[in-house]
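For reference, chains read A, B, C, D and E in written order, and residue numbers begin at 1 within each chain.
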Amino acid sequence: MLSYLIRRILLVLPVAFGVSVICFLLVQIAPGDPLTAIMAIDATAEEQAAMRAAYGLDKPLPIQYAIWIGNLVQGDMGKSIATGRPVAAEVFGAVKNSLLLAVSAAVIAFPIGIFLGFLAGYFRDTWIDRAVTALSITGVSVPNYWLGIVLVIIFSVNLSWLPSMGAGPGGSQSWAWDWAHMRHLVLPAVTLAVVPIGIVSRTVRALAGDILSQDFVDALYAKGMSRVDVLRHVARNAAATALSVMGLQLGYLLGGSILIETVFNWPGSGFLLSNAIFQRDLPLLQGTILILALFFVAMNLIVDVVQAAIDPRIQRT
Amino acid sequence: MTKLLEMKNLNVRFKGKRTVHAINDVSLSMEQGETLALLGESGSGKSVTLKTLLGLLPPKRSQIDGSIHVNGVDIMSLRGKALQRYRGGEVSMVFQEPALALDPVYTIGHQIAESVMRHKGVDKANAMSTALDMLDRVRIPSANRRLHNYPHELSGGMRQRVMIALALACRPRLLLADEPTTALDATVQIQILLLLRELQKEFGMGVIFVTHDIGVAVEISERIAVMYAGQIIEEGTTHEIIRDARHPYTQGLLAANLHDVARGDRLSAIPGAPPALEVRPDSCPFAPRCPVAMPDCRADLPPMLAPGDRRRVACLRAAQPIAAE
Amino acid sequence: QGVLRVGMTAADIPLTTGQTDQGGEGMRFMGYTVYDSLIEWDLTSADKPSVLIPGLATEWSVGEDELTWTFALREGVTFHDGSPLTAEVVVWNLDKLLDSEAEQYDPRQSAQGKSRIPAVASYEAVDDLTLTITTTVPDATLPYQLAWILMSSKANWEAMDKDWEKVAMAPSGTGPWKLETFVPRERAELVPNADYWDETRIPKLDKMVLIPLPEPNARAAALLSGQVDWIEAPAPDTIPAMTGNGFVISSNAYPHNWTWHLSRLEGSPWNDIRVRKAANMAIDRESMMPLLGGLMVPAKGFLPPSSQWFGEPTFDPSYDLEAAKALMTEAGYGPDNRLTVKALISPSGSGQMLPLPMNEYVQQSLAEVWIDVEFMVVEWNQMINLWRAGAADEAVDGANSINFTYFIQDPFTGLIRHLDEGLIAPNGTNWGHYIDPEMQALFEEIKTTFDPEAQTAVLQKTHEKYVNDALFLFVTHDVAPRALSPKVEGFVQAQNWYQNFSSISMAD
Amino acid sequence: MSVTDTYQPTPDTGGPAQPLIRVTGLQKYFPIRGGILGRTQAKVQAVDGVSFEVKKGETLGIVGESGCGKSTTAKLLIGLVEKDKGEIVFDGHALGERLSLKDLRRGVQMVFQDSYATLNPRLTILDSVAFGAKVQGLDNPEELARKMMDRVGLDPDRFAHRYPHELSGGQRQRVNIARALAMSPRLVVLDEAVSALDKSVEAQVLNLLNDLRAEFGLTYVFISHDLNVVRYISDRILVMYLGEVVEVAPVDSIWQEQAHPYTRSLFSAMPSMDPDNRTKEPPLAGDPPNPINPPSGCRFHTRCRFASAVCKEAVPKLSGLARNGDHMVACHLHDAQSGHPKAGQGVPE
Amino acid sequence: MALADTTTLPTPEKVEKSKGYWSGVGHRLVRDPLTMFCLAVVAALILSAAFAPYLGLADPYKGSMIARLKPIGAPGYPLGTDEQGRDMLARLIYGGRLTLFIGLMPVVIAFFAGSILGITAGYVGGLTNTIIMRTIDVFFAFPSVLLAIAISGALGAGITNSLVSLTIVFIPPITRVAEAVTSGVRKLDYIDAARATGANAWTVIRVHVIGNVLSPIFVYATSLTSVCMILAAGLSFLGIGVRPPEPEWGLMLNTLRSVIYINPWLSALPGVMIFVTSLCLNLLSDGLRSAMNVRD
């Protein structure tokens, strides 16, 4: 298991390198001048040149990459052009908030998805199956950013039950696990949960259906096991795959919450990213994407390792 | 003494996109401690017969008629807990592909123990020691270590032994074995056959052994029932079938075994293929392939002749022995 | 008393160290709240255009040479950290912006402040409370320039290890508000400075919370669901929902305009004054009102009609289709000989109001007088680049006009920078390459007229020329709408980019 | 024009005395990749030093336990698996020298075990059968294919445009045979070609194979685990164990006497077909060892009742029996000089 | 018995003209009412978008301040007007053009590009496979939405940029599926049988691989269309997709957001269009998947 772990971790390195190259290139393909946003609106040419030099944007590309990666290794992701704050601090703060949202959405979505999927898989080709399938297809078809707006109108504006934006009455830094804060989480988390509910329930349905059609299920009944026992076996068989799907979904939730975070003004990485895009704050854009991608890579790694740990069929050497 | 198995006029039909008349009027009876080989080509309904015995057919898509009594108990009426006690306790089954019939994510020890716990009501530790004992009995080397292996860590022969250990762990009265050696090498197959034979003696149970290989049937069974197109077309002791097959199909099978056929001789093959069972056969289903068919064969179902005690043949020609070609 | 929660349009809390970013909104909420400048705008009245008043300087005058200005600083002013305001601190602050060698030089603040005071050549602390500033050339607009420059505490900077990043988290100014807490991109909390030198401007509120809410609908939802008490720039279409729920829309004229800046390069159709006038007269500005929920002032010139520098132009750009057509005919155009112009517009942008529908309206209006408009839509940031690049730049791709919204609060930003021949790209923002000796002379006169009243007269004359020559396509002025909860009391909306929040209190 | 006329085999070059195919020292180790950089961690010694020859018109049967390298040998013969070592000489021409892979495949064709998996589900039967002929540029491939289908007992009018899933197992296997023959090969390698068929159908196919052999003068390499079938169809039998040849002999000779202990076990594992005389004792215990790390010396020594010290150390050579030179075996018991306590005495009863 | 058994065999099935795979698929599709309905909806959307100029619709770009925000059903405006007084019906139909274009085109391009890459990697194997698949892995390190937004965000708004970024996003998953399917097919005996004829790699790929891998790849690709459409609309919604004043559903959703307080139904229309279309695409893909599944 240890050697598997080490091998898996080493395999991540080239991917991480590739990720860094893509993130670096991302800034290079961007047209326009990244400094526009912060330059005084009528700054002179010299002022602009000075500014460019100050941000190191006047050096040749490979050198910029070398400098960038060198700093990166030391945990320095540069400074935000728009705010001048270190990108690393900004991104980590935001990722923390996104994680809070993503995990909350997962906590809503996964149990529901698993339950519905199991139900549909077990009662294959019955009305229950069809109902669940309809629900999950709806889940993956609905543009969730639009759903978010609708929910805000209903629950915040019209009913005044839940807040429409922000991460708590005092902002994200004073986050606490009380209702005053968690109220803020409800709408975005529910909105974000809709797609993974659909995906997880579809996956689990397919998995459960697959497993139930395997021979060993017959064999289990043949040795006198009850339905409950059989379901236990099915669950255990589905666990590894289901977990990996959910792990990936968590990654997608984290990386894909940008639209939802924008709708709900949730101070997460997606929100940061959209700010970075509109302010053309390229170091910040780069840093956010890099961290999210690396996080996703790490997530995949964890998923793989966990999967290997719980699924005896996977070779662990 | 009650019969171990008394199956009367069993009919199984599958509904769905295609209707399949898988079993047509099958009657079968077995005494305690007997070994019966169910011989037949692919699709002749062997597996379906076994599954019916355990109530494993999908209830929605299958329609079952007839009666089955095991030790005098009407098993068609079993439900819930009683059915669970019956399955694995009274009757258990060895599947063709042990790789598929074992749950890949549980250790084999666990899978055997699970069954023991359910039927014997013992705790896990006891069940595990029973499992260990069973693995020993099926001659698995260093059983102690193997107990904690997962199915994929074992070879095919080993897995089939595990399957057998699992099936026998609760001392069933009747063991159903569905082509348990087809997927195995000849050398391993013979090991398993001998093992089964031994265990059968030791446990004194009845065995229904499904196979399409006459040689295997001869090795294992006292009696043989030959199936064709969902019907039993001939039944008798192994002797009778080998030495005095009456049905042209059985004779064809024997010839096709190539035992003692000289090289280069033209084989007397049975031409054609078995019928698709979309409609219930209303004449002899073998008639289209039968080298000695008569017009009557195509008119009606052949009568079941009983040339001897517990010997039967479903063939018009069986009354008069046909000279082999 | 009470807490006022404000939904800003900015995406981030403006720079807190002194010289703010995020444009007018930055100055409004993080500039004149936490800081003061030597000379400030009078924000107490809603009825008349704001004028300059003493801030940290009580008096100022220019010497015989018309270059050296002397400022007397206000006595007894202390920063929030307790350190006193002295001439030396002011010099330190100017160095922070202008002297890249200085220890306290902050490129971020400099980027925001340096270009605001182009006239300043040197400065000197004469004594604790006296300061001189020398200009490169005589420039009577220096007071307006200095109104941009905010004073941060040197002592605080030193206490923060001379690190502006640390200062940003705990800044110190002399203003009526103190920054209490600050979460980047999320919120800033301001509390009253009880020791503020101007007792009338000591805030009544317990706290003012600033929340960046760049998305107009998120802002509307936040207000309607009671998460904020005040939002800047409500989207026009959300206003009925707000007023319907008892919210108050506050607005007032202020120095902001929405125009098409015209190219005057050779070959530009806009070089013909008849075309310019006709275009101006082709737009029915009143009918645009519903689009903006009534929140606009139809333009009659470059400056808002209420401006003290509006003057009395002879040309009235009001809607008169017949006259416009006549002018076009005279210029040689007609239904069969239409004029095609190319216009740069952006889909959105701060202060751009509703650029797309408004531009389309303009397009339709001009079509009536046989001017076909072809749009070139670019991102707001790109548009800023093209604006700096000037009409002759390749990237502009031959566009004959650029739709821009201007901050026009002082003589330089309001008039000079748009048409000064010395400010053609790359030196400045005379986008259209406009050159006119007469206009140039007027600009010169503004800079050399040190008597405020006389200067006002020159400014009026200048604006009259703007209008009479129809130098821009004048369309509308924004009215800085903001939606307020009915609980907000005591707010007086000045005719200015900046506002006074000290008078506000929250009803229970 | 008859079918035989459309058969366009490559001309015979070496005359009847020259073996149609001869392989020497054939070796294939499959690398198992793994580890951090996906480097080869171990090798499956699937085929190790196999040599044999097949005479023109002869049928060589190959038997052995599962995993002993039968299929790999077959694929090596037709170049589907690239050999590590060894030489393949087809009618006097060595592969890679005067014989290109494409030419080899013209002369050698193969029929696989799984009749379904070997047919492209998206191609009609006719297209499948005609494909090879088209590739090899034979004249009129479709016509040829139709004739060949007809020859194997599939009415081209009825089957030409069907898809594989619409056929029964026996029919599909006929298609596979037709496809192989459509290339007019001289050697056909049949890898478990009848194993998946029902007994009754198996006999039909075996008859067909016999007929075709006679008609087209074919040479077969016939792989099967069913000794009865191998005996029926082969002239000589080759027994493999763990990638090596342990015995090669004419069919009658080996039926009489199994010279290698492994061959003997294999033969005694056959069901007896006699209810009065059923097998009493398993001829061989346990499973074959792992081919990744095969036993030293004689690979069978771990399961051999007669193994002695020398079997562990020395690799026995394949050589003819004293009384019958055609009957070759690789066992120390038969080698008088081997140093085995019972060397030269043959396998005891 | 002579040769009786080796000549023509009686066939159990009735002798009927055998149908090709695709006609079988078509047959199953036609008998699936839900899928046919979805197909009809999608076809109607595509056709109306394609032939929008001939439908006698109002000019989707021409607005009128007086006629802005007319409710649904207002005389002359069956679906009302938008915030600039443009006819909603016309804009929704014309909007289908762009939305479907940038929603489907990337998948189409990615289908070809990904299939080529994946089939090459899967068939050739070895180093080629390693190079292609490891590169693809790097792209997989980015959650799809993130990657699309990152590239679009960096490139800036615009139709071409959206197309580019979405295509880049969808090439990796299609490549991966294509590779997996191809290397699965590569191991099958019929490929060996084909190689054994002496055919070269290209012939084998053309005749035996493509036909068998394309339909699973195609089915997979169709399952991505709805994702792509939602994502494309999402980009426009964020403001980094299509630029105004082009009619595009995501963008319309965005610009009509503030209207939700005045005329909620109107502002919901583009969202409904996106939802219905993506629902139909999803159901269509599901239907196609089960119709292509020969096993049933």
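Just a few scattered comments:
Basically, a contact is a pair of C-beta atoms (placed from the backbone, for glycine too) under 8 Å apart; a residue touches a chain by one contact, two chains touch by 3 or more.
Please read all numbers here as calculations on a predicted model, not as lab measurements.
Following the contact convention of this document, A is the list of chains adjacent to both chain C and chain E. Summarising the inter-chain layout, the chain whose CA centre lies farthest from the centre of chain B is C.
Chain A and chain B have centres, each the mean of its CA atoms, that are 53 Å apart.
Chain centres here are Cα means. That of chain A falls 24 Å from that of chain E.
Chain A and chain C have Cα centroids lying 40 Å from one another. Between chain A and chain D, the centres computed from C-alpha atoms are 55 Å apart.
Counting partners per residue, chain C has 217, 224, 379, 382 as the residues that reach two or more other chains. Among the residues of chain A, those in touch with two or more other chains are 31-32, 149, 153, 157, 262, 278. Chain D has residues 168, 170, 203-204, 207 in contact with two or more other chains. Residue ranges on chain D touching chain B, taken from their complex, read 65-66, 168-170, 198-204, 206-207, 210, 225-229, 231-234, 251, 265-266, 268-276, 278-287. Residue ranges of chain E in contact with chain A, taken from their complex: 134-135, 137-146, 149-151, 153-156, 226-227, 230, 233-234, 237-240, 250, 253, 257, 260-261, 264, 268, 271, 274-275, 278-279, 281-283, 286.
The residues of chain A lying in touch with chain E in their complex are 14-16, 18-19, 21-22, 26-27, 29-32, 137-138, 140-143, 145-146, 149-150, 153, 157, 251-252, 254-256, 258-259, 262, 273-274, 276-278, 282, 285, 289, 292-294, 296-297, 300. Of all residues in chain E, those touching chain D in their complex are 3, 5-9, 11-13, 15, 17-18, 20-21, 130, 188-190, 192-199, 203, 207-208, 211-212, 294.
Listing the residues of chain C that touch chain E in their complex gives 216-217, 220, 224, 235-238, 240-241, 287-288, 290-291, 347-348, 356-357, 360-361, 364, 377, 379, 382.
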